[in-house]
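Structures incoming, each one as C-alpha cells.
First subunit A sits with subunit B, and in the next complex the same chain sits with subunit C.
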Partner chain A sequence: MIAYLAQRFLTLLLVMLVTTMLIFGLMHAVPGGPFDQTQQPLPGPAMANIMHKYGLDEPIWRQYLNWLWALLHGDFGIPFEQPTMSVTGLIAKAWPITLIVGGITIAISYLGGLAMGLLAALKHNTWIDWVLTSAVSTAGVALPNYVVGFLLISVFSVKLGWLPAGGWGQPEDLILPVIAFSLYPMALMARFTRASTLEVTYADYVRMGRARGLSERRITLRYILRTALIPLITIMGPNIPNILTGSIFIEATFALPGLGSYFTTASLHRDYPLILALVLIVAVLWGTCYILSDVAYTLVDPRVRLEGLSR
Partner chain B sequence: MTSTMEETVTVRRSSSSFWHAAWYRYKRNKLALVSGVIAVLILIVAALASLIAPYGYATQDLTQSLAGPSLHHLLGTDQLGRDLLSRAIYGARTSMAIAIGAPLLGAIIGIPIGIVAGWFGGITDWITLRLFEVFTMVPQILMALLLIALFGGGVLKLILFLGVTAWVGFGRLARAQYLALRDRDFVIAAKAMGVPTWRIIFVHVLPSAVGPMIVFFVQAIPATIFAAAGFSFLGLGVQDPLADWGKMINDGEQYLSVSLMVALLPIICIALATLTFSFTGDGLRDALDPTSR
Partner chain C sequence: MSDKESERLRRLPYLTRRGFMLAGGAGALGLAAACNGTHATVSGAGQKNALGLKLPSGAAPASEQYYVQAFDSTGASYKAMDFYETVYSRAPLADQFNIPLVRLNQDYSIVPGAAKGWEQSADKNSWTFHLRPGIMWSDGKELTAADFVETLRYSADSKHAWDFSWFWSGVIKNYTEAVAGKVPANQIGVKQGSDKYSLVIETEGPVAYIPSACLYTTPLSAAALNKHGSGTYNINPSTCVSCGPYILTKFDPTATVVLGPNKKYSGPFKPPIDGLVGKIYAGGDMLPRFQTGEIDTISVTPLDLKIAAKNSRTKNLHLYKNPNDFEIWYAFFDVTKKPWSDLKVRQALAHSIDRDTLVKSLLAPLATPAYGYLTPGYPFAVEDPLKPLTNYDPNKAKSLLAEAGYPDGKGFPNVTFNWWANAVSNTESVVQALTQNWKKVLGIDIKLQELDKTTFYAKMNKKPTEIGMGFVSYGMDYFDASNMLSVYKGGGRHNWNNAQYDALLAKGAAESDNSKRQEIYTEAQTLLTQQAPALFVFHLLYGYYYAPYIKGSALSKNKDGYDGIQWPGFGATSNSLQQLYVADNESSWPRQKQTGVV
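Moving on to the complex of A and B:
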C-alpha cells in the first residue's frame, strides 16, 4: 500500500509540474502584462523598474524556475494587486471563509441528501418517495446555484429584509450562501443514495436477514446502508475539493471575500503569483482527493484491487 | 385493444435493431418524451430567432423603458426599452449556440484521443492518462474563467474555452468504451479476416460505442448552459448588445423594484432549458445504455 501511495503521489507531483508550466506559459503567452494601464500609462523607465522588481523582464523559463525555487522555500511571492501582503497571507485570510461556507455546505447537503435518499428508497413507490425524488431532484437540477442565490437575495434580503444580501462578518451572512450552495450537491446525493439503496434493498442477503428475524433498524443500518454507501464514495468524493475551494459564482453573488472571488480578481488583473498559488491549492486538493477516494474504495469494498497493487 | 396490438408488433420488429429498441424504450418514458419535444422546440426557436422574434435584440425604445406587458411588447421591456420576449428568444440562440457548440468541440477533441488511448493501450494509454490528469487538475469552470480573463469573452470565445476544457470527459468515456470493446469476439473475428484497423475502429466498434457518447453529450448541455450563463451573469461572458439569459438576469438585478419580469423571464428560460435537456439526457441514458440502470 505504501509503495502504491508513493507511486501515486509521485505521479501527482509530475502532473502538477506540467500543469503549472502550462498555466505559466498560458499567462505569459497573451500580449500585455499586469501593469499595463489604459488610463495613465507609466513612463518607460518606471515601467522597466517595476518589471525588473518582479522579475518580469527575464525570459519565461527563467521566471518559471525562479517561481519554482521560491516555492520550494515556501514562498508563494507577492500579489501584484496588494504588494503590502504576501500571497500566503492573503490566502490565509481568504481560505477560512471558503472553508467555513464549504464545510457547512458539505455537512448539510451530504447528510441531508443521504437521509432523503434513504427515506425515499425505504418508502419506495409511495408518495413520500415521489415527493422527495421529484421535488428535490428538480429543484437542485433546474437552476444554477447563482440564480438560486439571486432569488434568495431578492426574496429574503430585498423584499423581506430578514437576512443580509451579502458580505462577511456575522453568522447570518452564512445562511443564504449555504442554502444556495447546498441545493445541487444535496439533490445529487439524494438521487445517488436512492438509486444505490434500492439496488440492495431487494438483495437476497437482506431478505435473509429479515427471515432470520433481525430488527428493521439493524437491517437498514448494518445491511442496507453499509453496502449502499460504497458507490457514493467515488461519486461524491471528488466533489469535496470542488466545494472546499469555493464557487466563483456563489462568492460573487454574495460578495464573499473567499478563494473563489480572489481567483476571479486575480485572473482579471493578471496577478501571476496569486493565480499560480490558487491553481496549486486546487490541484493539490483535487489530486489528493482522487487518490484518497480510490484508497477508500478498497477499504470498504474488499473485492476491489488497485491497479499496480495486485499481484 | 388495437393500440396494444400495434405496440406488440413494434416490439417484435424492434428487437432486431438496437436503435428501434432504444426509440421504443425512450418513447415509453413520458417525461423524457415531453422534455425531448420541448428541447427540440427550444432549438428550433433558437435557430429561427430572427424570424420569430417580433423585434431585434438591440432595438431600443427609450420612451418605453421597463414597461409592463402590453400588446406591443407581450412580456414588457427592459431598462433600455428593448422587447423582453425578443431578447429571450435571441438569448435562446446565444445560449444554445454555446451549450451545443462547446460540448461538440469537446467531443471532437476528446473522442479521437480517447479512442487512440483505449485501442492501442501501452505507452500511448499511459501518456493519455497523464494528459487527462493534467487537464482535470484545474476544474473546468476555473480554467475557463482564467482563459476568459486572459483572452476576453464573447460567444465564439465561450464556445472555444468551454469546449477545450470539456474534452477530458469525452476522452475518458471513449477510452473506457474502446478498452472494453477491443477484445470482444466480433473484433477478433474482424482482425482475423484481415479488416484494416481503421475500418474496425470506425465501422465495427464505433456503432457499439456511440450510444454512451450521445448520452454524455446531451447530459453536458445543462452544465454548459449553467457555466455560460454564469460567466455572462458575472459580466465576463456575452457582451452588450447581444442577448444572453445570464446577462439578462444581471441587467434585471438593478431594476428589481421596478419590474420583476426583467430578471424573472431569463430565470424561467434557464430553468426550462436545463430541466428539459437533463430529463432528455436521463431518458436517453435509460434508452441507449440499458446496463447503466
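Moving on to the complex of A and C:
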C-alpha cells in the first residue's frame, strides 16, 4: 500500500509540474498583462520599470524557472492584485472561509443525501420516495445554486429580515450560503444513493440475510449501504475538491471573502503568481482526492485490489 | 425481531409530526427575535461628534455618525490608500488622509482646499498656491509646501513608476523627462515659493486649467514618505499619517476598510460624519445588502431599478442621478483601415442610430442620448450645434452609404464590433441594439465579438490598434474640456490624427479667457463630431439610493439639476464632506450597527 501511494503521489507531482508549465505558457499567451491600464496606458518608461520590478521583462522560460525555484523554497510570490500580502498570506486568509463553508456543505450534503437516498430506496414507490426523488432531488440538481441563493436572500434577508444577506463574521452568515451550496451535492448524492441502493436491495445475498432472520437495520446498514457506497465513492469523491475550492457564485452571491472569487479575478487581472498558486491547489486537491477514493474502495470492498498490489 | 429488541425500540423517544411543527415554529420565532435590528431613536442634535463639530438639528447621535459604502472588488486590486502611490489600484475610501490644494463643490466649481488662493504668473508659465497655515499632520508636523513638492517629485520618480504619470506629463516642467529617467525627479517644476506656505508650479508653457487639475493634489506627508520610502505607509493603521478628518483604523483589502475620526485634525473642514466604513464584496448583488441595512447607499443599475420598484421598502425611495465622472459611451473606428477610413461610411453609421429610442428602451433613466463627446454640464460642453451632424436620419444615412459605394449595404465588408460587458451601462443589450439598427437602416451585417475587459483594452491600446471597431467609454480625469477632448488628440488613445483638432486643443489649453475657450472648444467639438472617428451613443447617469437617514445638502440638486453626491464623491476633494450627516431614523429603515468606528 505504501509503495502504491508513493507511486501515485510521485505521478501527481509530475502532473502538477506539467500543468504549471502549460498554465504558465497559456497565461502569457493571452492578450493583456497585469499592469495594462484602461483609461490611459502607462508611459513606456513607467511600464518598463514595473515589468522589471516583477521580473516580467525576462524570457518566459526564465520567469518559469524563477517561479519554480521560489516555489521550491516555499515562496509563491506576491499577488499583483493585492501586493500588500503574499500569495500564501492571501490564500491563508481566504481559504479557511471557503473550507469552513465547504466542510459544512460536504457534511450536510453527503450525510443528508445519503439518508435521503437510502430512505427513498427503502420506501421505493411510496410518497416518501416521490417527494425525495422527484421534488427535492430534481429541484436540487436543476436549480443553479446562485438562483437558490438569491431566493433565500430575497425571502430570509430582505422580506423576513431573519438572516444577513451576506458577509462574514457571525455564525448566522453561514446558514444561507451552506443551504444554497448543499442543495446540488445533496440532490446528487440522494439520487445516486437511491439508485445504487435499489440495485443492491434485491440482490440474492440480501434476500438470504432476510431469510436468515437478520434485522432490517442490520441488513440495511451492514449489507445494503456498504455495497451501495462503492459506486458513490467514484461519483462523490471527486466532487469534494470542487466544494473545497469554493463556488464563485455562492461567494459572490453571499459576499463571502473566500477563495472562489480569486479564480476569476486572478485570470481577469492576469495575476500570474495567484493563478499558478490556485492551479496548484486545485491539482493537489483533485489528485489527492482521486488517490484517497481509490484507497477508500479497498476499505469498503475487500474484493478490490489496487493496481500493482498483490494479495 | 426479538421481544427484547421490540421493547427497546418502543421505549426510545420519538418525534411526532405535531411535535416537529411546534419545535420548528418555536425555533423560527426565536430566530426572528434574535435577528431583529431596531434603530435607536435618541436624537443627536446639539451633540458634538468626535471631531468637535456640533451636529445639526435632526441628526442621529454622535455614535451613529458613520457612513457605510459598498465596493465591488471584482477585477480590482487594492494596493494603497493614496492617489500618488497608485491611482488604478487604490483601496476603498482612499484619499481621505489629506486636503488637496483645491476642492470641488456641487456645481463642479473649483473652491479653496488646503490652498486659500492662487494666481497665474504674468508670463503665464507658472501658478502660485497659498496654503492655509496651521493644518497639522497627525504626527505633529505642519502641512506645508514641502509636502506637495515631495509628493509630486515622488510621482515623477521613474523608480516609483506611478500609474498616472501621464497626467502631469507635458504640463509640469520637466515632468516628462523625469518620468523617463532623463532628469532627476527633483528637477521638475514644483518648488516652495517665497515661504513655506507658498507652492509654485511651473508649467510647460501657459496652462489655463491648472487649478482644475490641482484637484489631484492630495499630498503625502513628506516626513512619512522619506521615512518609509513609499506612500504605502497609509495602509497600516500604526503608520498612517493624516492631516484630514479621518485616519485609518482597519485595513483588510479582502473584507473591509474602516476610517475613524482623526482627533488631531486641525483643518478648516469638519464633517458631521466622522467615521467611514468601506465594505468590500467580491461581486454579487448590492441591492439586498442595501435593503437589509448592511450599507447606507448603492449605485443602481437599470435592472436594480426594476427589482426595487417591486419591493415595498425601496419602491418609494427617491432615485438620485448625476453624471458622476461624465462618462461617454461611444463606438470607435480604426480610421486607417477600410471601410472606416471613408468619412461617409462613418457618418452613415452615425446618422443611422436612433439614440433616443435606444436610451429610452434600454438605459433610461440612467443615461441620456449623446450627440457630442462632452456631457451637458461638463465645462465647455455644447450639444445643440452638434445634433444636426449626427442625428437619427435614416434617409441621409442610406444616401451617405450609397455615396461611399455600398448602396443598401451591398458589398460592405465583413467587420467585427468588439465590446466588453459592463452591467451598469448594459453594454450587452446596447451593442445588440446598435447592430440591429445598422442592419435595419443600412442593410449591413456587423458581427459582434465580446472580449474580457483586459483583453479588450490590451488590443485597443496596441499601436497599431488591433480593434477595427469597438465599444468603449471614457470618464473624465479632471474638470476641464482639455481632458476629455484630449482622448482624440493625435497620438492618443485612438488613431484619428487631425492637425486642426490638435491645434484647437493646444490653443484652448493655453487660453485664460473662458469665453474664448468656449469658442475654441465648441469648434473642436464640432470638428470631432463632424469627422466622426467615433459615434457618440449615450452619456451615462449614475443612479443612487441613499438610506432615508442619510441627509444633507450634499444630496440636493445642483445647477444642472443633478442630485446625489456629485463627483468626486464623498471625501476630501469635495465639499460634500461638510454637507452630509446621519439623521434620526424616523422611517425605521434597517441599519446594521457598526461598532468601533467612531
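Here are some notes:
Rule of thumb we're sticking to: the second predicted complex is superposed on the first by the 306 of 311 C-alpha atoms of A that agree within 3 Å, B and C clash if a C-alpha of one lies under 4 Å from a C-alpha of the other, contacts with A are read in each partner's own complex, and residues count from 1 in each chain.
Basically, contacts are C-beta pairs under 8 Å (C-beta built on N, C-alpha and C of every residue); 3 or more make two chains touch, one makes a residue touch a chain.
If you're wondering where the values come from, they're calculated on a predicted model, not measured in any experiment.
Placing subunit B and subunit C on a common subunit A by superposition gives a clash between them. By the touch criterion defined above, A:Leu163 lies against subunit C but remains apart from subunit B after alignment on the C-alpha atoms of chain A.
When the two structures are aligned on the shared chain, A:Val279 is found in touch with subunit B, with no touch to subunit C.
In the superposed model, A:Gly25 makes contact with neither subunit B nor subunit C. Of the two partners subunit B and subunit C, more residues of subunit A are touched by C.
Look at A:Glu81: by the touch rule set out above, it reaches subunit C but stays clear of subunit B. Of the two partner chains placed by superposition, subunit B and subunit C are both touched by A:Leu268.
Legend: residue contacts after superposition of the two complexes on their common chain; A:Leu151 is shown touching subunit B, with no touch to subunit C. After overlaying the two complexes on the shared chain, residue contacts for A:Ala252 are found with subunit B and with subunit C alike. Once the two complexes are overlaid on the shared chain, A:Gly55 sits clear of subunit B and of subunit C alike.
Touching of subunit A by both subunit B and subunit C, each in its own complex, is seen for residues 30, 150, 154, 158, 252, 264, 268, 270. Of all residues in subunit A, those touching subunit B in their complex are 11-12, 14-16, 18-19, 22-23, 26-27, 30, 138, 141-144, 146-147, 150-151, 154, 158, 195, 199, 242, 245, 247-249, 252, 263-264, 267-268, 270, 275, 279, 282-283, 286-287. Taken in their complex, subunit A has these residues touching subunit C: 30-33, 35-47, 49-50, 53, 80-85, 90, 93-94, 150, 153-154, 157-158, 160-168, 172, 215, 251-257, 261, 264-265, 268-271. Subunit B contributes residues 130, 133-134, 136-139, 141-142, 145-151, 222, 226, 229-230, 233-234, 249, 253, 256-257, 263, 267, 270-271, 274-275, 278, 293 to its touches with subunit A in the complex. Residue ranges on subunit C touching subunit A, taken from their complex, read 1, 5, 28, 31-32, 35-37, 73-79, 88-89, 158-159, 161-167, 169, 179-181, 232, 235, 253-255, 279-285, 288-289, 291-292, 294, 311, 313, 452-455, 457-459, 461, 466, 474-475, 477, 493, 590, 592.
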